[in-house]
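Going in written order, the chains are labelled A, B, C and D, and every chain counts its residues from 1.
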Amino acid sequence: MRSPLQDFLDEVLDSVYPVTAGSVADYIPELARVDPDRLAVALTTVEGAEYAAGDTGAAFTIQSISKPFVYALAIADRGLDAVLEKVDVEPSGEAFNELSLEQDSGRPLNPMINAGALVVHTMVPGGFDRILAGLSAFAGRPLAVDEAVCRSEAATAFRNRALANMLRGHGTIGGEPRDVVDGYTRQCAVRVTTHDLAMMASTLANGGIHPLTEEQVVAPDVVRQVLSVMTTCGMYDMAGDWVSTVGIPAKSAVSGGIIGVLPGQLGLAAFSPRLDEHGSSVRGVALCRQLSDRLGLHLMDAPQPARSTIRRAHTVRHVAGEDAAVFALHGAIQFAGAERLVRDLAAADPDTVEVVLDLTRVHSVNEIAERLVRQTLTSLVAAGHRVTVVDPDRLLELADGPGLHVTGSLAEVVATPGQGERGS
Amino acid sequence: MRSPLQDFLDEVLDSVYPVTAGSVADYIPELARVDPDRLAVALTTVEGAEYAAGDTGAAFTIQSISKPFVYALAIADRGLDAVLEKVDVEPSGEAFNELSLEQDSGRPLNPMINAGALVVHTMVPGGFDRILAGLSAFAGRPLAVDEAVCRSEAATAFRNRALANMLRGHGTIGGEPRDVVDGYTRQCAVRVTTHDLAMMASTLANGGIHPLTEEQVVAPDVVRQVLSVMTTCGMYDMAGDWVSTVGIPAKSAVSGGIIGVLPGQLGLAAFSPRLDEHGSSVRGVALCRQLSDRLGLHLMDAPQPARSTIRRAHTVRHVAGEDAAVFALHGAIQFAGAERLVRDLAAADPDTVEVVLDLTRVHSVNEIAERLVRQTLTSLVAAGHRVTVVDPDRLLELADGPGLHVTGSLAEVVATPGQGERGS
Amino acid sequence: MRSPLQDFLDEVLDSVYPVTAGSVADYIPELARVDPDRLAVALTTVEGAEYAAGDTGAAFTIQSISKPFVYALAIADRGLDAVLEKVDVEPSGEAFNELSLEQDSGRPLNPMINAGALVVHTMVPGGFDRILAGLSAFAGRPLAVDEAVCRSEAATAFRNRALANMLRGHGTIGGEPRDVVDGYTRQCAVRVTTHDLAMMASTLANGGIHPLTEEQVVAPDVVRQVLSVMTTCGMYDMAGDWVSTVGIPAKSAVSGGIIGVLPGQLGLAAFSPRLDEHGSSVRGVALCRQLSDRLGLHLMDAPQPARSTIRRAHTVRHVAGEDAAVFALHGAIQFAGAERLVRDLAAADPDTVEVVLDLTRVHSVNEIAERLVRQTLTSLVAAGHRVTVVDPDRLLELADGPGLHVTGSLAEVVATPGQGERGS
Amino acid sequence: MRSPLQDFLDEVLDSVYPVTAGSVADYIPELARVDPDRLAVALTTVEGAEYAAGDTGAAFTIQSISKPFVYALAIADRGLDAVLEKVDVEPSGEAFNELSLEQDSGRPLNPMINAGALVVHTMVPGGFDRILAGLSAFAGRPLAVDEAVCRSEAATAFRNRALANMLRGHGTIGGEPRDVVDGYTRQCAVRVTTHDLAMMASTLANGGIHPLTEEQVVAPDVVRQVLSVMTTCGMYDMAGDWVSTVGIPAKSAVSGGIIGVLPGQLGLAAFSPRLDEHGSSVRGVALCRQLSDRLGLHLMDAPQPARSTIRRAHTVRHVAGEDAAVFALHGAIQFAGAERLVRDLAAADPDTVEVVLDLTRVHSVNEIAERLVRQTLTSLVAAGHRVTVVDPDRLLELADGPGLHVTGSLAEVVATPGQGERGS
């Protein structure tokens, strides 16, 4: 069965295909030689399912889209504080190649402008080999450098050399500025396809774990930082407009690529070489707007996890003979879900002595949720309830105690399946 | 039973209480007279449950926190395009009282700086009465103006008068600049409590519907725009830092208040009069950081709705005699959930002719999800399946047809409850 | 006999007459109503001789040309330090109506931009009456306000009101901002003719003394400050270009007037209503360029006073019987002339005992020159010379002493006129 | 006889000697090694007379003081328009090492900031050899490079390399940026003494002619441009303050040198290594202020050439028998002198038929003066006068004609010396 999502993507692609506005980056012949009509879009879920349309296999250089990934690698390897000391996270309201150093300090305003990306490039221990390995891990396949583009850019990278010398003058970077620029140019010349970019974006969406290789490329807190910076600084001087109209962390590149990341859900990528005045792909931006709008991906379009975490709250006959109130949860229990559970438990019928908390379908419980649940269980016991926690994965690390029993299977406590679920 | 969340808030409040850094706004005596030690925090879920600690009933003037709400009212009344024509949405990287007009055009960079807020103030038809009524609707109770603060601010609002005259010179606003400033000063002098602010924030979190009065104050798309702008422009020149470390749309005020909105989940508010160099409450910011960190509220901390929307996928004995594959969903079905369902359906055993889609626990289906589900059902029928949709709320507006049956209750199609759920 | 200068001015005027570029200021109807073809030029020497061509009697409002004159009045009345404390003297590189306040301090960058001129306006004790009297003194006739223009500008002076409010917010000015703007608008609405402006400029060129009324309107050190500021700030964002190509302190106005001042020589004025993008008269600027170029008025075109101050150095027969070396000076003796004299005296023939210093044609000796001459005379006497100083105006305040005789007439010391002057 | 000017300079030097504010440039060890107490001042007239005090023979590197001289060489060799096309002449209000490129165009704002100086450096045909030869010609002796300073600066010239790369990126310069910086660094490392600098400044003051070698290093119009730019841009972000308080075109260098040029009169130089926050010598600036103030060198302190050009206007007995009115001029006749003459001639007694114009003491007549004088002579003849022009140097290139006689000696026309000069 062909997925209707496929049809949808084809349709979206067709709708932007006729757009011919913008012009291909031509500051080096290698970039100018690209077919300006190339067009591709791919969307990859955190489970690795990919939906794609257009030339998703066409290769191009990653350019500025390398910035968030190398930023992730630098934070992973050096720690967030060390990186923040060198590069701030404030939007610059300026174009990608501007200086935007903080007055006096020589600290670039953020890692998405070239000045910041040059500094970040120097902060990955292991140099370019580590960077290439890291980008490959994000993509889930070995990537390689487009040597022709690299050579060509290196020969004319005067603005980046200016930035590197300025940073060297401030002491923000060490070594020979030309070498830093050469390394950064190499980073920008890594060849990717739209398919690769969607997969890399999906790895970010999946908390740093590649959906297919399941490698934890960087930790979730690193991803959080990267996505935060992409939100405010990823689209240069159209940051506010982008957040308003698309509403997902994103990054564009002068080669025509663009990625978007919807945390916990999906990564997307688009490719079309003609650029607008901000240096972003005209049709790529149009694709992102349509996808956000028609797929409802805007971060500020509230999903409602609070209403959906309590899977079941019903009454069963307990093996001990009495009715038992069963609260079944599922998914990842975070603050909102825990808050709802705590409220429901607090409102539980005081006459129903047996309370069962069923975590069979839960795959994670974060710190605050665990704390709230533990405290509520203590309160329930104190109020005279007998509590059974069904926790096969030992997510709560509880031990049996007075009034509290931990078990691995609901079957152990249920005499007969109850009727009359009370809804959620 | 006392909620452990209550204990948590008390604990958080206690932890910031000793902080005495910053100083109270003193540009008018009425603001300087406030007790600098006042401290309050409140957190209100989209269901209206409130958790609070400190002086949540202490009243103060709303000041700049009025900006996002009046922006919402202006968009609601005049349309987004009309408002965007007058006020852009780009971060200014500047303090709240700077000019930040776009070169030549006289268009303020965003509605969260005073220049933009002055323009927005003039765009609400009905003037201050409508504004006061609107703010009251967001709060769920009638609010009133603190006349002493209003008078005092009006007498010394030289910078705002400068801005208004500049805007008038550009033709961005009409009328007498002094009158505009007086109206805006009145808007800023509306008295609120921390409780009110948390409720107002929660109304935004709830898609514009007040959690308790259930009034739809503004439409969801208006909320989306407001929250987007709060994300990039709400915290002035600490936008990048705020998004990185707190990660929720927010707005602070010189009176010491601060609000945060986690879409679909909760609104929060804090109050403490001593301000940092950005003009935001020192302890208020600290409270927000702790709440975000410890409650896991950061927008980029991926929730994982995709994994939790398919409530059940199991096999039952169909009334028609054969086994039936049942796909039960719950919650709000958006893109990610629909994508997962479509994938599961596509992977369904072709030999199981009967397929049941159970929407009993679903409370909403957005446009893209509806489209994907409809097309998938069509494909299933085309592939020879017989499909039953259990849709008591008629969310999909399907009609019976060849191979497709719509019903209001799962009981009608299940002969006996199946065993061996296949997991999710 | 008609002066050839008259022909020259007619010729220059004719050459720019056909230029129709630029457009008349139209922000108020009263300014827009002016005949755009009006054209006038006048040049007035420090002795009050005027050469004029075109409509030099046509009246228009003085506008920004009032700035240097009121700056002069403020310094005269309050002292330079008091004025500098409120308004700096640095070029802003910006247009006339920009804020250009120094960061934090609220101190306008210079008195030629509106922000600075508003502050200066408030610093003249006696208010508008004193200002009008002062401007009239510079012009040498009673000036009056164009009430229609004043009313019209006052009604729409939003930008100036913005500036005044901003300055009031910083505490740079006191009182009610609107009143300050009204006063400043009145200052700008004073009616002048091209003839008046040339006379006002000539008063500045003449060290603050009106060439005809001989009133010392302001002191020479005030004039020096005013001309210095006109040099770097008078032509807004074309300062560097103006100094390079015209090379005389100048000030332009939105009404189409422009003045230039060549210290010690002349004042000039031009009038033509069509303005360029800097807000200066297109034909007025062209006239100034031609006058500077063709009359050799550029300040950096070195005059050579050093070569021309020693009027005569020759030998006469002294009444005492011997030859005497006579050094005759003329004009205003400043550093360069004194240096040359000192050098010549030092090189005087030691065998010529009698030395005569003839100051009959000298009209002033500045401080350094006096010091150098006195010390040289002392050295001459010490070296055995007998020195006679012919100083009818007692410029040096010398008294007779050993070896030194002061007299009022060269005739008293000369037996017979000498032959063989020794050079220049 | 010791010149009192010498005493004066010693006195001025002593007065600033105790000042220890500021700190020596230490960005390279070679500059930091200088003795911070070194102090020198020299003043050289356009006739080559030098007055000096302190360590005027101590050598240091010329650094930024090379900028105006190389700017002069570039204009001389390439023409003003070609240079203006690449580098503007507007003050930047910024420090010496800032970018200050015009938006988009990559055109540095002026040649006194490093960006502009780098471009200018590339515009001198013949490269560094020509530059060194040119600087030597300005100084009047062969200069040489301080190789140690040059090497040291070249190794750490990151900011200049940044600027050069930025300029190369804009296409404002060609070639390899590193080479341009190396050449410019070499230009800055030329060794000079305070004596040299005063002589170089004097060459500018003398219209481009070295006072002693009498070489015309650059033409007067080149000097005019250079001095104009020094006036508005020479002292970086203290331009306005400098013009107000010192009032002579100047240039400072990070090595502690500073020069000033009073056109037609003198050049001055000071040297003291400790710098203020603008990068100018603290004691050097103090010396310049004192010299300007006490020697009356401020350009806006009006000299009064108009009153001193008419040397004599008296009556003699003409050889032809009648009285003749003799008008004797001297010095350089420019506009103001010619205007005065024309006015006097026009006012001459119509009954005195014989008019004699004596140019014996005149050494130059500029274009406008020549024109005015010629036309006046024509008018006199037309009015019935008989005119004799005594013009031994043939400055006016007149030929005998009806009513006009040109001769080389006054003696030819005077019967007996007249009495009763009428004053001037």
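Couple of notes before you dig in:
One rule holds in what follows: a residue touches a chain if its C-beta (ideal position, glycine included) is under 8 Å from a C-beta of that chain, and two chains touch if they have at least 3 such contacts.
This structure is a prediction, so every number in the text was calculated from the model and none was measured.
Of the chain pairs listed in A-D, B-C or C-D, the one whose interface repeats that of A-B (more than half of its contact pairs identical by residue number) is C-D.
Put simply, the C-alpha centre of chain C and that of chain D have 21 angstrom between them. Each chain gets a centre from the mean of its Cα atoms; for chain A and chain D, those two points are 65 Å apart. Distance between chain centres (mean CA atoms), chain A to chain C: 68 Å. Looking at chain D, no residue sits in touch with two or more other chains. If you draw each protein chain as a dot and join the dots that touch, you get one closed loop, with every dot joined to exactly two others. For chain A in complex with chain B, the residues that touch the partner chain are 1-5, 7-8, 45-47, 49, 88-93, 110, 205-207, 220, 223-225, 227-229, 231-233, 237-241, 243-244, 247, 249, 262-266, 294-309, 311, 330-332, 334-336, 339-340, 342-343, 345-346, 361, 363, 366-369, 371-372, 375-376, 379-380, 383, 417, 424.
If you check the complex, the residues on chain A that touch chain D are 99, 158-159, 161-166, 168-169, 177.
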